[in-house]
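Which chain is which? They are A, B and C, in the order written, and residues in each are numbered from 1.
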Amino acid sequence: MMNKRLKEKAGFGALAVLTFLAVVPVLAIIGYLVWQGWPALTWEFLTQPPRKFLTEGGIYPAIIGTLALTVGTIMVAMPLGIGTAIYLVEYAGENVFNKLIRIAIINLAGVPSVVYGLFGMGMFVLTLGLGRSLAAGALTLGILTLPIIISTAEEALLAVPDNYRYASLALGATKWQTVRRVVLPVALPAILTGTILGIGRAAGETAPIMFTAAVVYTPRLPDSIYDQVMALPYHLYAISTEVPNVSQHMAFGAALVLLAIVGAMNLVAVVIRTRMRLKRLR
Amino acid sequence: MCDKNKMETRNLNLYYKGFQALINVSFPVKENTVTALIGPSGCGKSTFLRTLNRMNDVIDGTRIEGEVLLDDENIYDAEVDPVVLRKQVGMVFQRPNPFPMSIYDNIAYGPRIHGRKNKDELNEIVEKSLQAAALWDEVKDRLHKSALGLSGGQQQRLVIARVLAVDPQVILMDEPASALDPISTAKLEDLIHQLKSSYTIVIVTHNMQQAARVSDFTGFFLNGEMIEYSVTNTMFTAPRVKQTEDYITGRFG
Amino acid sequence: METRLSNYYEKGIKYFFGLIAGTSILLLFLIFSLLFREGLGVFSNVGVMDFILGTRWLPVSETPFFGALPMIIGSIIVTLGAGMLAIPAGIGIAVYLAEVAPRSVREVAKAVIELLAGIPSVVYGFLGLTVLAPVIKDLLNLPSALTAFTAALVLAIMALPTVVSISEDALDAVPRDYREASLALGATKWETTVKIVLPSARSGLMAASMLGLGRAIGETMAVLMVAGNAMIIPHSIFDPVRTITASIAAEMGETVQGGLHYQALFGLGVVLFTITFVINLITDLIFTRTSSVKRGTSL
């Protein structure tokens, strides 16, 4: 009996240590990033274009480029993703077409980001002739984000009790009236949470935009969707591998800003979700 | 009490994925009366109720044979739009299901989807419906608060008010009191009595005392068949069929 | 008349959403056909076997060679290495969180894991390059720490959140009755976990592992930054390697559209797409099996 107990203590104890060992160093490294990057975050760094082959100046065009790409991604992925989820949850029965849609979504979710990059380049940059541009990058990132948005929106719609749908239909509402006036408003916070999480992921992607939208250096801010842009993730890649003589703290500064943008999006999503939970408890 | 059949089913059969849930049911619903449907769980009384406003259409795999008449028109005819039908035949569900909106918006939901936009008109409909559902005095000061803050009994009356707001002719109630406490149940039964003068009501209930208290006619269902139909008093004092007697005296079910 | 019109309107809306949903099929088809269209040239010019099994990749030399084997091996080594680290660790962490951790620890750990999952891969690559690699270099006394080992370690950290959260879901889905039955027979919690809970969650844990591997093999930026990118077949885990993804990312900028090098990179895309497609298929099969099992027990 003693032996059994000892074995149990040792087993679970080892797992606790493992969890600690896996999580703490990673958090420490991120802490180090914040510590190293913090001094670089000056007003000039955030609002000026880079100078002298990216070794001096700021990252303003990269920040703007990433924000522009993010807005574009939302415009591509949100209508398609939410529309698909509405179809799957509210309209689709069981037939071959719907099965195919599900298989396609599962497989799209597994396609590596660099393959999306290849596709974006072949399709949007070359075949459709958009060139290396904001539009091509946003379309590529939008498609990459689509599966995440579909699956979270689908979950959100499934979580709406059927009671609401029945009540609305029994009052003589049509299906679409029911979806638009009852189901969507109830599901909206959860849909937004998922969408923001998905878009946050897209904002940090590098491989899909490096052949479709991003350039190492341009002092110009984009003024049309056909312009090429700087983007933070690609900028970070470039200054930490390809561009010589970039000071350590500028690279850490760029990494910290990227992390902050992505983190801020996640934070917004979490806040929406928490408020939703509290509301439900009340 | 007049003798006109507001609704009527003729030789109604309903199949659900190969299983026959209703067998040859012919059943009258008289205008401006309360008709109760009783029977053990799974006997088909709720399914039958849902054929009366085509809510079974929502479930995949159901198939119907026979006729369901509303004012002598078959509601399963190809020209009949279930959406229009459900405006005429409203439904109250087992669990109170107010939408997560304000009390006002819950009541105004039906009129709005049917095209009423005028504010004064909506205000009037909301007040009238809540009064008719005996809820106005309890909620008139918090019309714009969430309907989810109401008690279970209040929610169920709110749901009835919501049905009244689309001005139906028939109201179907599927065990409307099963989630309510005795006081709320009594209030609901009073309400059903009052509504009878203007509406035709069909109520499914588990509770035979309730059937006896609120209804004028009662139908007894067993295994998908309508076993007996008669005036409620007769049914509970002198049932004609042995199975009915067994059920109402509590020998099974 | 009004009825008819509104019916057409409703039908129209249904078809509209059907059309939107259909874009997913169209997109998958487009990705598939575009990769093949652009990559086909290399398969016919170099030959499928020479492309996949060739050991020399010299795309810009006088007589170019397009043998992808070093990269295929590089991808496999790095992915398996990451899997060997991330799968046991991830499942172990999931067991700790699902079975023993106090509620507060569990909540905090879940938030941290979600946070880690949200960090962009280029940031992982940057940290691997500037923080982790120097430490590994000193610790193991290597000439350079940009090796398959470092890449596997970084990938393992990146795959961990996926493995942990899906494993945890799988453990949560094991019915409480099983645990209680085992405990009531006098088994300790540890014995119950090892002998009852883990086997019951087996297919969910397998799916978690597959998804973790899928995540690792498709990962690009971090690997590009820390794996060393040498175009050789590695002899040990401490050699630098170059993966399929890294080659595409690193070389695409230098190619001419339609040229053989360009086609070769799309050919690599086809190989990668095929590998992930197969991994997805397996995962999907496992998932359908688990969900049918779940349905069976809940009825």
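One rule holds in what follows: a contact is a pair of C-beta atoms (placed from the backbone, for glycine too) under 8 Å apart; a residue touches a chain by one contact, two chains touch by 3 or more.
Everything quoted here is computed from the prediction, not taken from an experiment.
**Q** For this structure, which two chains have more C-beta pairs in contact than any other pair?
**A** A-C
**Q** Among all other chains, pick the one whose mean CA position is farthest from the mean CA position of subunit B.
**A** So the chain farthest away from subunit B turns out to be C.
**Q** Hey, how far is the Cα centre of subunit A from the one of subunit C, in Å?
**A** That pair's centroid distance is 17 Å.
**Q** Go ahead and note the Å separation of the Cα centroids belonging to subunit B and subunit C.
**A** Result: the chain centres lie 54 Å from each other.
**Q** Roughly how far is subunit A from subunit B, centre to centre by C-alpha average, rounded to an integer in Å?
**A** The separation of the two C-alpha centroids amounts to 48 Å.
**Q** What residues in subunit A touch two or more of the other chains?
**A** 174
**Q** Would you give the residues of subunit C that are in contact with at least 2 other chains, written as numbers and ranges?
**A** 6 - these are the residues of subunit C that touch more than one other chain.
**Q** Which residues does subunit B have that touch at least 2 chains other than itself?
**A** Counting only residues that touch two or more other chains, subunit B contributes 83-84.
**Q** Within the complex, which stretch of subunit B touches subunit A?
**A** Residue positions touching the partner: 53, 55, 58, 60, 83-87, 90-91, 93, 95, 97-101, 109-110, 112-114, 159, 162-163, 166.
**Q** Would you tell me which residues of subunit A are touching subunit B in their complex?
**A** 93-94, 161, 163-174, 177, 181-182, 185-186
**Q** Applying the document's contact rule, which stretches of subunit A touch subunit C when the two form their complex?
**A** Residues in contact with subunit C: 4-5, 7-8, 11-12, 14-16, 18-19, 22-23, 26-27, 29-30, 32-33, 79-80, 83-84, 86-88, 90-92, 97-98, 100-101, 103-119, 121-123, 126-127, 143, 146-147, 150, 174-176, 197, 200-201, 203-207, 210-211, 233-234, 236-237, 240-241, 248, 251-252, 255, 258-259, 262-263, 266.
**Q** Which residues of subunit C touch subunit B in the complex?
**A** 3, 6-7
**Q** Would you pull the subunit C residues touching subunit A in the complex into a rising list?
**A** 6, 9-10, 13-14, 16-18, 20-25, 27-28, 30-31, 34-35, 37-38, 89, 92-93, 95-97, 99-101, 109, 112-116, 118-123, 125-127, 129-132, 157, 160, 188-191, 193-194, 214, 217-221, 224-225, 245, 248-249, 252-253, 257, 265-266, 269, 272-273, 276-277, 279-280, 283-284
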